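Order of writing sets the labels: A, B, C and D. Residues in every chain begin at 1.
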């Protein structure tokens, strides 16, 4: 009953197998491996972007920070939501990699940037000449940190607004695949098609050991990214093991299969939660995570039975047993359906 | 005939196996995995340092940069040799992670810091109050970038000098195991015993896919390191795959076996090179790499036959065939002895 | 009729005179001038802090950024209001000097931090271990950017809260003197007495050409500040000209006289504005600046007559003449009372 | 007898007078003052560069650091001599402002970069792809830190080399005027004419209180410089006092007169030193400073008589009285000739 994070699940066996197969003889280091050539071409095909620059790094924070640094200058501010991973969960890595850029927190709706609020935030900057920060990239997360998913129309509107002000558009795609299968569109439609300039194509939360692809649609930015990656100590010498993971991910649509599996498990969980008395779903779940209010007594019961998930608030062991606490539940591709059912049984007991 | 780099060799099969075994079910993320608890204790035992802080990262540049940043302040200068990896091969990563510290290049002997030159360099700083950089860490590489190995006496003298000036002492141990088996001493003797404050215990060049342990002997520095690691985007969510590699490395002395194998292969290569007419060994090899001068015509022949290694200088295809060019040869644990012999046969043909 | 900024006024003639007097012969450079010795002692006396470290810089942004960098680490977040000068008007200088720290914007009341909101903001951080930013300094501006002034009780409560969490407490004192004469207390009461760790003692907005004193109550932080000042290129070689200004400022209470004059002018302006029909004062003015809503037609008339001040909002030349626009009026010590009266006459005409 | 530094001399009375004259009424802040408009045009005229971007800062370190940051990227290395002020005397400010660029120390001749050594240094970089630092700006000091002066031919050759590799060319002009009067050429000839991209036009060491003009010949870089200046806390609110100084400097060739006076005093000192037995001049003096070897006993006598200057080496009070110690003597415009003669008399007594 592990709903704590899709970071905690295993890698797909095919990924381990791919690593084992890559483990033969000597191979050129630092990304010059033949597997990477194949990865690059496949990702370009997936995104319908034959010129795109494609690089692999091992953590989502590295992907976001390096992409944002490449898209911005130190005196700019990056527009994002208050719960953006780049703001909340990266220990100032974006500030570090950008050389001290600022993050402007734009009021969200269900963790999504909205056009009116984003416009207000953008217009509020650069009103004081060189005194305030300058307008920098727009950054959003698809699927969001609350499990919601931007529609293509919503993304298109954000992209148009960024373009109106000449601002780069960054997508944190830590759960890119989960959003994509929900929208049922092509990767290029959800990125370059809506004006995205650079996206992290996440694999770590979706069945890899630790690989994210950084996709930059304008190849003129490639060289800077490469230097930033090396300077950030994120260029792997034995790079083939990153390539092998990503190649397995892309082979036979494994990445989409795993995302579909994760989303289906989440849907099963949500359907069950809706049947639990006193459970209230917060934000419309669209990917592989959901937030729900549950009374303390249910949390106590669930934890006692060995469930793992995070609470957004107080200690469940103290206070009114009927008072609800918000909880986050995440499903990854590997979670057995039986575990979901067992968890729901415990809640409904 | 791959002598280009120990970065290009495969991982040991036991390492892949350990990853496969770790790939079961869910596990706490971000270094809270049970495997890491075991790694930490084993490394403390290896170093005879029961209080040491131990962290894993995936690249040698990350290990060096994060350790140096933890040991220094931005207005200091780090003392190292001109061919130190931190100076030559990390694209300003130390400058980035330290927030703009400087590197003072101390004249070396065979890639080693010497006490007289280091003393002169240290004494030349802090002579201008706040105007010049302040004295910062002493950093050396064991085994060195030229394949030489510091004796314990040499290390002890450097350590004493650092202590005399109150400076932290950092060891880049990318080839730590190779040096250790050469010296035949304990890991603690070669580090804390000579005054080292922090060392990167390299695994990537010695049979892992990509893991380095950062060992800090003063646990008071641990919290800062952890924050720097996260801020540098070097904290892995699915950390267990780093832990599993390192655990396999430490089990049944695999790390020492691989280092012994690599050094033995290098010794075989050196013995053969000494028989090659017109070949001159440069710097006394003590680990798993050697530099040798060979006439252009031999390089041409070797490359034509498929050998891989780096030249320190001109294009071998142009110019006087008898003129020597310096070459670097590296052996890793996996290099078949038959490949070495084949290479020597080609040179001697 | 210049109400645009206290940055735009002249220096006091005594300040120019002091510079002329300091302009004789050679003097030790870089802060070793004899005038600085006197400045240091006088400021220690003013603050009742015989051990305090005292340094001069030439801009308020330098003072704030250097002090905050000295009080924080790059992975921390600084708590301040959304209209704090360090956030709005320093083009990411705090982020630059701190090495990438974050600013957490705490909801304010009339530009003041409040205990409940600050407590909520502090408690919301460090809930995610190393993933989020760590709690850093509390920073406030006295007098505030809206012209309000913290009472001693308010400051004491903020200071107690900072101490409760072990956080450093920084005061941006760009308009320190204006606040001090309003409160009618001693400088030490308004700083160390309420728990302030470091304060910029502003002179530039109050009759100097460009000098701010940085006062740090714990002398153990002095050396770091000195190195940061030099590294930030803010150590003046011909430092005596900064010292001379500050010494004139402190002589015969010139600094207090000028602040009283500025505040009195503001009071005269406010009294007049309250008589202007359709004028509405926003936020209770406590120092030398005030915000007021005035109909567009009055702005048009004032600007046509040559008045200078800033509007918070739209173009006054377009739109409904009766619609109010918020304006900021600042008085410095040098503003002739006749100008104030002339301006009020224009509004009331 | 003050030969310690041209940083220790007074400002010219006309400069103080100009400040007093500028001290009337209110003036637009932050560089929008009318005096700055005049300064900008005059400097463009002086340099024969009608499009040049011109900015004022208050310290030489600020000028150098901001210009180098504008001309470089963080993963580059700046080529300079080992005794360059940017390396020796700015406490890592260039590293800080550039975001962590490196300085490559090129062997000099008499503190000058030479084409062969510079070419070797440039060619030694970018040989390892993204692993090493990338080639960045060439930076030299005119007049040099040893008091020598580059000829136009020497500068032209350096400029051509920089252009050959596509590298920006920066000139630290802290003693620009002293070099210029020595060469007897126009400012434009010594800068844009030899390929310089950006120069600090120093005033502080030559009779101002503290002003350096940053001149950037490509106006496309202006906006970045402005933002870097503000972010570095080097934009003055009461900017008119910088403008006034610089305007006085440029009026009626005051800057050239002061430089001629300083150089003439140095020449008088050198002529005298050449008559002193056991005195040996080191490096051919070309501006307003000279290095000379003098026996300890002469230093003792001079210091006892109240002379001020710096020694490059040991304590003069200990050791063999006949052993020479290297000393630096600097003359500024204000040094009375009688003081020089008195000093020489003491040496020759």
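Going forward, a contact is a pair of C-beta atoms (placed from the backbone, for glycine too) under 8 Å apart; a residue touches a chain by one contact, two chains touch by 3 or more.
Fair warning: this is a prediction, and the values are worked out from it, not measured in the lab.
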item: If a chain touches subunit B and subunit C alike, it appears here; value: A, D
item: Selected pair, greater C-beta contact count between C-D and A-D; value: C-D
item: Where subunit C and subunit D are represented by their mean Cα positions, the distance between them in whole Å; value: 34
item: Intercentroid distance (Cα basis), subunit D paired with subunit B, Å; value: 41
item: Whole-Å gap between the CA centroids of subunit A and subunit D; value: 51
item: For subunit C, residues contacting two or more additional chains; value: 30, 74-75, 90-92, 96, 99-100, 130-131, 134, 227, 230-231, 235
item: Subunit B - residues contacting subunit A, complex; value: 2, 4-5, 7-11, 13, 16, 19-20, 23-30, 57-62, 65-66, 90-93, 96-97, 204-205, 209-210, 227, 230-238, 241, 308, 334
item: Subunit A residues touching subunit D - in the complex, by the definition given at the top; value: 30, 73-75, 99-100, 129-131, 134, 224, 226-231, 235
item: Footprint of subunit C on subunit A - complex, ascending; value: 74-77, 88-92, 95-96, 98-103, 105, 128, 130-134
